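Chain nomenclature is as follows: A, B, C and D, assigned in order of appearance, with residue numbering initiated at 1 for each chain independently.
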Amino acid sequence: MVGVVEQAFRDLVIANRILAHQGVVDAYGHVSMRHPDNPEHFLLSRSRSPELVEEGDILEFTLDGKVVGTDKRPPYLERFIHGAIMEARPEINSVIHAHAEDTLPFGIVKNTETPLRPVIHSGSFLGAKIPIWDIHDHFGDTNLLVGNVAQGRSLAKHLGDGNVALMACHGFAAAGRSIIEVVRISVYLPRNARVMLNARQLGTDLRYLTEGEIAARNSGYSPYSSETWRAWEYWANQAGVGKMLHKPDGV
Amino acid sequence: MVGVVEQAFRDLVIANRILAHQGVVDAYGHVSMRHPDNPEHFLLSRSRSPELVEEGDILEFTLDGKVVGTDKRPPYLERFIHGAIMEARPEINSVIHAHAEDTLPFGIVKNTETPLRPVIHSGSFLGAKIPIWDIHDHFGDTNLLVGNVAQGRSLAKHLGDGNVALMACHGFAAAGRSIIEVVRISVYLPRNARVMLNARQLGTDLRYLTEGEIAARNSGYSPYSSETWRAWEYWANQAGVGKMLHKPDGV
Amino acid sequence: MVGVVEQAFRDLVIANRILAHQGVVDAYGHVSMRHPDNPEHFLLSRSRSPELVEEGDILEFTLDGKVVGTDKRPPYLERFIHGAIMEARPEINSVIHAHAEDTLPFGIVKNTETPLRPVIHSGSFLGAKIPIWDIHDHFGDTNLLVGNVAQGRSLAKHLGDGNVALMACHGFAAAGRSIIEVVRISVYLPRNARVMLNARQLGTDLRYLTEGEIAARNSGYSPYSSETWRAWEYWANQAGVGKMLHKPDGV
Amino acid sequence: MVGVVEQAFRDLVIANRILAHQGVVDAYGHVSMRHPDNPEHFLLSRSRSPELVEEGDILEFTLDGKVVGTDKRPPYLERFIHGAIMEARPEINSVIHAHAEDTLPFGIVKNTETPLRPVIHSGSFLGAKIPIWDIHDHFGDTNLLVGNVAQGRSLAKHLGDGNVALMACHGFAAAGRSIIEVVRISVYLPRNARVMLNARQLGTDLRYLTEGEIAARNSGYSPYSSETWRAWEYWANQAGVGKMLHKPDGV
């Protein structure tokens, strides 16, 4: 029998490996979970490339990004993204920050007639509005990294009640009710972006998902449905961590 | 000696693995076969990612999507696509539904001067007309999934006597006289789409296959020709299931 | 000590595997060599996907595409491409026909202001002129395959004294003085095409290689230079057939 | 305890393997290091594809490209790139020359309104100005290779005090203060190019990194920071040479 916290550690490792295998993260990017026993804390690896993350790498943080305990291993510089979003959004239990290449063009172009929006059914989870947060608008010339609580909160405010915010010249932040949900968002985000970019070459009048379609899909949300589990199982197996899976009852 | 039904199960597993390896399906998408002994039934995996499908996962369905027997494992939500097309088209013995990324742009753009058509010889099997079915035109705001018999029949009607229908913001359905044929269609469909998208960047006056060329290629159809087998053998080996192959006599 | 003919068989297998690994061929496409002891014959695999070709698959053909000997295994339908080019071009010792995806857009678009030409130094071997042969111009509606001597000769005539001819809606044929040369042409042909397609998105005024540059590079041709061998060795190792290599003296 | 020179040899092997695994180099391209004990010499493999380079392949050169010692194995033709840049730039300790495909379009198009510039935070290391050096402007029709000291110095002069120069119809040269830095530049250069090319399809008004942002990021430079090491460790592991790593103290 695996305990809730132990399973959270395993799920974080699985998520790290899936994101690396799917090309959402490379040497950089990270995924967090709210602590199952303490909503004021979150779990996140020490500064390490996601493909290499193991359970022993996971540290516990307060929402303002301080390590809980005496572990001296360097944390990710941008841990403030995770804490600030969880602070602002009690229903959010998992956050991903990454630089997935195919999301970047949409955060760089100004005044395009085709901003990023869901165009495929698996992209419905991105939500109808995908804001672009530009750190330069708020903090001027920086190294572009979200390196303190104020910057994290600015990003969280910009995200509002959405699921995804693009970060200009940098990447994106995604927020989910479960780690499975946010991994799924992050896998389909670059795909939705590529499809839209390519469709854009064929014409500018695109068939976006309607608000009603997005709502219809979202209303069917379940953290552990059979359909949701199918992808999680597949991705974990592809990433070589299928043995770490723990299938919930009734799926 | 392998029986016809046993070989059908093996071919379905091979097809699942080929489609996964070729990137036509990922966590989602599915392939069916009409039951060799009962044209009113079809064979389709339970709800599982194609790369993981084994013979023991395959269920038998009536054409209106009911599981035959007492197996309680969850089926694919969209099994109605398969039954409805086989119901409408007696000559069709195998159906694929997938979300292959590079087909999606052509189902999203409206009023393009370059709708998807065969532009490469291996794309001739797509047929001269590739309709786009938009579930919203028929059923309003939905979760975009083909979740009942009526939706399946609407799609089948739109497909008409064609081989491929694009599904707006979702994917495609392909129909073949044999499982080898429909797998081949599904492998070359995204390639034809990519080639056309890229050619479109060079100019809009494209050299499409003529109706006569499509007919000439189609008239040479044979479910087990030497050329057809060559690709099936190659793809199966690439997907790691070469040992499941059973080469017909005379190929 | 490996004999010349034995080495030719090995080199053909190496070339098949390299072309498959580099994505120049898939289930289809083929590479031939003029017979080292008889310039009126050529060597080519039986009908088999290149990645699976072994020495025992290689057959001997007359230049008009007849199998020499009693082997009954099906040959490639399009073997006439090879014979016709070798018939017309005594200096050519190796021919490749393939459908490499990224070459196809340039054979489909009509009247583009940017026809395929060398734009990268490794593309110089394509030659200054890359004709497009459209079988429809000569033979009307066909299955698009080069299925007889007349069609092979039409293509060979169109190729003229060039190294590469695009085949509309189908692929390309490449001719080289050695098998290493024609493999190299075929590996860099899709790359040159991709680079040109992408550059074309940035602007239409492109910096092509000059005739003088193409001549300067070509004048340095040596079938077994240190630079040439470097790529052959690398590609063979990547394709898993490094052990079949036989390094010539003095390289 | 590994000595400085021994570690330099290892780091060169690691860099070769990373660049090959990341697709920055293929059969061609090379990476050098200034000799740790003699700034007038540099270390570079003999003529061999980077993926195959081992410690025993590394030769020592004078800055004008002469082999030090009696080793008769053929050197790279274009070794003059490395020596000329190190000669002109005492602070530079490592140079890469490669043909990374996605950098090439920007070196081919003339008069584009969107020349290559940093558009992603990891591209800041490219520097604000990325000149294009066209060998034809200086030496007329050549084989496009940098084959002597004069050509190397012309390129180095064009690079000026920058980090990257594109080489028209050929590739790029990158210069770094450490081998980790120049590998990082070379990995992110093609990514920055792809992102810019794709953003360019969405609109021409792009959000480039500001000079202030580039300066802010550069001021944080450290050859062995925790963040820098993270990528080096990840890339080396991916390339199969994780065991050759030697982690500096305090990282």
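Note that in this section a residue touches a chain if its C-beta (ideal position, glycine included) is under 8 Å from a C-beta of that chain, and two chains touch if they have at least 3 such contacts.
This is a predicted model, so every value here is computed, not measured.
S.K.: Among the remaining chains, which ones contact both chain C and chain D?
M.R.: Looking at chain D and chain C together, no chain touches each of them.
S.K.: Tell me whether chain A and chain B, two copies of the same sequence, contact each other through the same residue numbers or different ones, using over half shared as the line for same.
M.R.: Different; most numbers are used by only one of chain A and chain B.
S.K.: Using just the Cα atoms, superpose chain A onto chain D and tell me the rotation angle to the nearest 5°.
M.R.: To map chain A onto chain D, rotate by about 90 degrees.
S.K.: So which chain is the furthest away from chain B, centre to centre on CA atoms?
M.R.: Measuring from the centre of chain B, the most distant chain centre belongs to D.
S.K.: Take the average of all CA coordinates in chain B, do the same for chain C, and state the distance between these two points in whole angstrom.
M.R.: Measuring from centre to centre gives 32 Å for this pair.
S.K.: Could you put a whole-Å number on the gap between the CA centroids of chain A and chain C?
M.R.: Here chain A and chain C have centroids separated by 46 Å.
S.K.: Send over the residues of chain A in touch with two or more other chains.
M.R.: Only 201 qualify.
S.K.: Give the list of chain A residues in touch with chain B in this complex.
M.R.: 119-122, 124, 191, 194-196, 198-199, 201-203, 205-210, 212-213, 215-217, 220, 226-227, 230-231, 233-235, 237-238
S.K.: Write out the stretch or stretches of chain A touching chain D in their complex.
M.R.: 26-28, 47-49, 51-52, 74, 77, 99, 101-102, 104-114, 134, 136, 140-145, 168-170, 197, 200-201
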